[in-house]
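Both complexes shown next keep subunit A, but they swap its partner, so subunit B is in the first and subunit C is in the second.
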Partner chain A sequence: MEISGFNAYKCNSIGLTGGMDQSWEVIRYKNNKAIDSVGGIGAVMVQSWQSDRVLDPRIEVIDNLFIGESVLEDCPQDGDGGYCYDKSKQAYSAMMVSAAGNDVHPTMVPSMPYYEPMGSGHWEGYISVSNNEFRHFASTTRTGKRNTMIKNHPLPDHQQIQYFSNNKFVNCDQSNFAHISAPKAGWAGISDCGNFPCTAPLNVLWEFSSNTFEGGNKVQEFEMTGDFQIIANNPGFAPFAQNCVQMSAWNAYICRNDKFAQIVFQSLDSDKMDRSMQPIYIQKAGTGMNNKMNAFMDHCWDGFYTCQKRLQRFVGIMETGAGTVTTLEYTGTPPKSQKFTLEKKGELVLGSTVRIHFPSTAARQLVKGG
Partner chain B sequence: MIKGNVLYDFKTFGINVQQGNNIRIEDNIVISVQERRGFAASVGIVDKWAGIAMCTYSGRTACPGSVLRNNIVAGATYIGITALGTNCGESDSRLFNNTVHSIGSASYGYGHGAIVVGDKT
Partner chain C sequence: MINYNPWNDILKTYGPINQRYCGENRFIGVQNWMEFYITTEKPCIIEIRTRDAIMVNVRMEWTYAEFFADGGTTKFVDRIGASLGIHASEIKIVSVYEGSLIIVYNIFSAFDEPSDLERLRQKQIDIIATGNFNIGAPIIDGSVREKQIVQNGVVVADGYEPIVIYKPTVTTDNDNNNGGNNNGSSDNNNGGSDQTTRIYNVQTGTREQFINNNGGSRNSDIFDGVKVITEGNNNGRKYDQMQQQKLQQQIAAAKAKAESDKVEVREAEQRLQTMRVALITVVAVVLIGLTIYGMVKIVNSFGHPKQVTEDKKYVEGETEIKVLATDENQTTQYDATKDFNTIFNTQTKLKLEQQEEQENEMKLQKAMSKRQEMQNDRVQKKQVKDQMENRKAARLAEIQSKKSNPTDQQMQ
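Showing the complex of A and B:
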């Protein structure tokens, strides 16, 4: 499906979004303009529930124009001008492939915007943002709020890797180039994610290649040339990753490290919605990495209560490379049957030896490709 | 065909196409589409809203041949435009140069410029 030819200006949550109504293989946002909106383009799509690799869902955001704040004020006369929309803004909202979405026209009071997924994150998804132009973004809005070019929408389960290539940034203040929101504290609770918030926002990975910057490409001492990565401020991972610089204002790290990937795995046992294994830790031998992962959120409602069913699927960022050894430290009993993939597109062949401590001595069978 | 109109100060919808074949909405200006005051409060039920709704009112609907071009929606509640996406490469003939401007919701805070869904056909 293609979404094109829209000009969105000063919209109060998202300028342009769509594709949450059926299983598309590709959604392409092309030739749109997003100007001075709270969120410019929010790329999101829905795939059917747990359709693991049946399709290869792709979101393409190409040839769009993003423009920063206009001269028209959001809050004229300090709020005495008749209206006041004083919010942080972002041009591109990095989103996800999910299992279920919202109705376009809600008939009950909407507690969340349309683009908030209502189901578990999809196993995979290829999200590319290429050949777009970003113009005239200051670091803050006129009222002093954050004004970011690329920001994640904090979603609980799986934020697929996003690939930014051949984009052009013109007259943009790089001090708020990106921002990665932390997990919402409110996700911690029996109705959502259990004892601690779901961890997808901590495992965000954005890959950049061949982007150009007119008017400055330096943040702190990091030059945003060639290939680089932005990862979340994950205390169990980012401080130990090689060649990374912390960007406190972004709640993120910027890195030159092509060894990052997302490991995705889940229980295939019959009790995969009922028996909890979280937290599971990803530990890289020889480093202090200890990436704590939660299972997916409980997205099911049964009357007034959630169903107490959480998919035991885990997504974590990890650092691969020849000779690396990665331990998956389960705090519960590992399932009898599991499926693993290492998510990363590109020519680079990644890998790591994965160790799992099983509590019993039994023969295990490894099958490549299912 | 709905062409060349100025629609001003409507409640809930400016233009609402529920179903049909070969419907063309072109060169219209829709200004100020507002909530019905007092409708939502007590039971949590709300109206459906949009500046221009193209075949989405009752869920995704079959509307073969629909065209949405050169429209402007300025000041609408919750959604500026809903539209049907096209096959890749066919957009210029069916979806072209539609502008959504100043979309918000006084009661609920969300303002989606355009939401595009699939054509059921």
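Showing the complex of A and C:
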């Protein structure tokens, strides 16, 4: 499906989104314009209810134009101008591939914003943002709010790796180049994520390659040239990752480290929606890494209450490389059957030895290929 | 399925992950660690599944070094495979550790069939409990799926004779070190030896018997230097006596249980016999029924030549269709439009003719009714005229009669 030729101007939320239909394997946002909008383009895609199938769904955001604030004020005369929309803005809202969304043709006002995924995050997804142009982004809006070019929309389950290549940034202030939202504190609760918030925003990984910057490419002595990565401010991972610089204003780290990947694994047992295994920790041998992961959110509603059913799927960022050994530390009993993949596109093949401790001596076998 | 890395005799476990290919894996026994290599290469989807298996744990009169010197896990697996009649790939060593030598291994069914697995389990118990399990050294303890089969060299499995497979005896470190008899320095209570460091030895007769029974396949060198307990070793003898008493008690208990089991078996056999008779009766009735049904069908088939004729007709019909369907008969393409036009025109023409007939009929009816009306009118007019003439004639007659017969008034 291609979404092209749209202009989003002064939109008070995500300006352009789509892809709620479950029949598409590729959603392409092409030749659109997002001008001075709160959300710009928010790439979301609903792939399949059968979200544990590996189908390689793709979102492509290509040849779009993102423009910063226009001359028309959002809050004229300090609020005495008749209206005032004083919000942070972002050009591109990094979203996800989900297993369920709102109806394509809603018959009533949905309880959640139209672009919000309504189901568990998909097993995988390839999100490519390329050949776009970003123009005239100041670090803040005229009202002093954050004005970011790339920001994640905080979603609980799985924020797939996003690949930014051959984009052009013209006359943009890089001090607010990106921002990664932390998990929402409100997610911690029996009806959503349990004892602690879901951890997808802590495991965000953005890969940048061959982007050009006209008007400055330096942030805190880090030159954004060639290949670099942006990862979330995950206290159990980011401080221990190699070649990374903390960007406090972004709530993130900027790195030159092509060894990052996301490990995705889940229980295949019949009680995969009922028996909790979280938290599970990803630990890299020889380092202090201890990335705490939560299972997916409870997305199901049964009348006034949630169903108490959470998919036991885990997504975590990890640092791979020759000779690396990564331990998955289960705090509960590991499932009888489980499935694993290591997500990262590119010519460079990454890998790591994964160690799991089992509390029983039951006979186990490893099957490749699913 | 990807097998574990090959066993590493130096590390005494499966070989480490060398990160050579997606799915390379190993299991570290005792500690229960599973390790595998995962990559970003597509497709590298890895699944870890539990597999139904029989876990067997054997403790043998063998040392760690001697086990590996005698072919290690490879030879051990081959021996189990030969004993059970299965392929070596269906046996996985879980762990090998000292004490004397303890080996834990899993037996799988090649077809993952529960019945096959049950058969293997029974066979494994049989050969252990009957002393026919040739795995290179005598078994001191053995369990199958956590069910003890052999304990301290004596068979304790239910349903088996409590025979002594191997008779271990105990001496102490001090005894070995001193090598002497009656030295009295091996008092456990005095701390001169440690119970945890007991060495299990074997009586010469038992050892020879084992070697003879198993065709001498065991490396007899391992028995060299084995110290046989002597009469003078009081502590060792006391322990031995205690062990023997314990064993005798176990044997007595096992015998009693075997007796009660025999009674149960007899009863079960009787029940089985009854069931067999019932089953045979049912099967016989079913077979007779089927035979009668079959005979009726055969008789019916002879009594219906019509079916044959119909079949023949069908075959002829098929042949005709085939002939019509040949290329020669299909040279003129069927023109559906033409046929449709013809049908349409004919139908339209018929409809028009019908309409015309109806119209003519209506016209005729109209003319007839008009004519009838005119005729009625004429008759009516004639009637009026006649009435008028009658009245006129009557008037005239009245006038004439008045003229000829004047009244009294007129005459006055």
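Structure notes:
The rule is simple: the second predicted complex is superposed on the first by the 357 of 370 C-alpha atoms of A that agree within 3 Å, B and C clash if a C-alpha of one lies under 4 Å from a C-alpha of the other, contacts with A are read in each partner's own complex, and residues count from 1 in each chain.
The rule is short, and it goes like this: a contact is a pair of C-beta atoms (placed from the backbone, for glycine too) under 8 Å apart; a residue touches a chain by one contact, two chains touch by 3 or more.
Keep in mind that what you see is a predicted model, and the values were worked out from it rather than measured.
When both complexes are overlaid on chain A, the residue A:184 reaches neither subunit B nor subunit C.
Using the contact criterion defined above for the overlaid structures, shared-chain residue A:368 touches subunit C, although it does not reach subunit B. Shared-chain residue A:261: touches subunit C; no touch with subunit B. By the touch criterion stated above, A:352 is placed in contact with subunit C alone, subunit B being left untouched. Within the superposed three-chain model, A:339 lies in touch with subunit C and out of touch with subunit B [touch as defined at top]. When the two structures are aligned on the shared chain, A:1 is found in touch with subunit B, with no touch to subunit C.
In the superposition on chain A, no contact is made by A:146 with either subunit B or subunit C.
Once chain A of one complex is fitted onto chain A of the other, the partner contacts of A:135 are absent, as it touches neither subunit B nor subunit C. On subunit A, the patch touched by subunit B and the patch touched by subunit C do not overlap at any residue.
Interface residues of subunit A, counted against subunit C in their complex, comprise 54, 261, 263, 268, 320, 322-323, 325, 336-346, 348-370.
Against subunit B, the residues of subunit A that register as touching in their complex are 1-22, 24, 26-28, 30-31, 37-38, 85, 103-110, 113-115. Interface residues of subunit B facing subunit A in the complex, by the touch rule stated above, are 40, 44-46, 48-50, 53, 56-57, 59-60, 69, 78-82, 85-92, 95-105, 108-118.
Contacts from subunit C toward subunit A in the complex involve residues 1-2, 17, 19, 22-23, 25, 27, 29, 31-41, 43-53, 55, 92, 94, 104, 106, 108.
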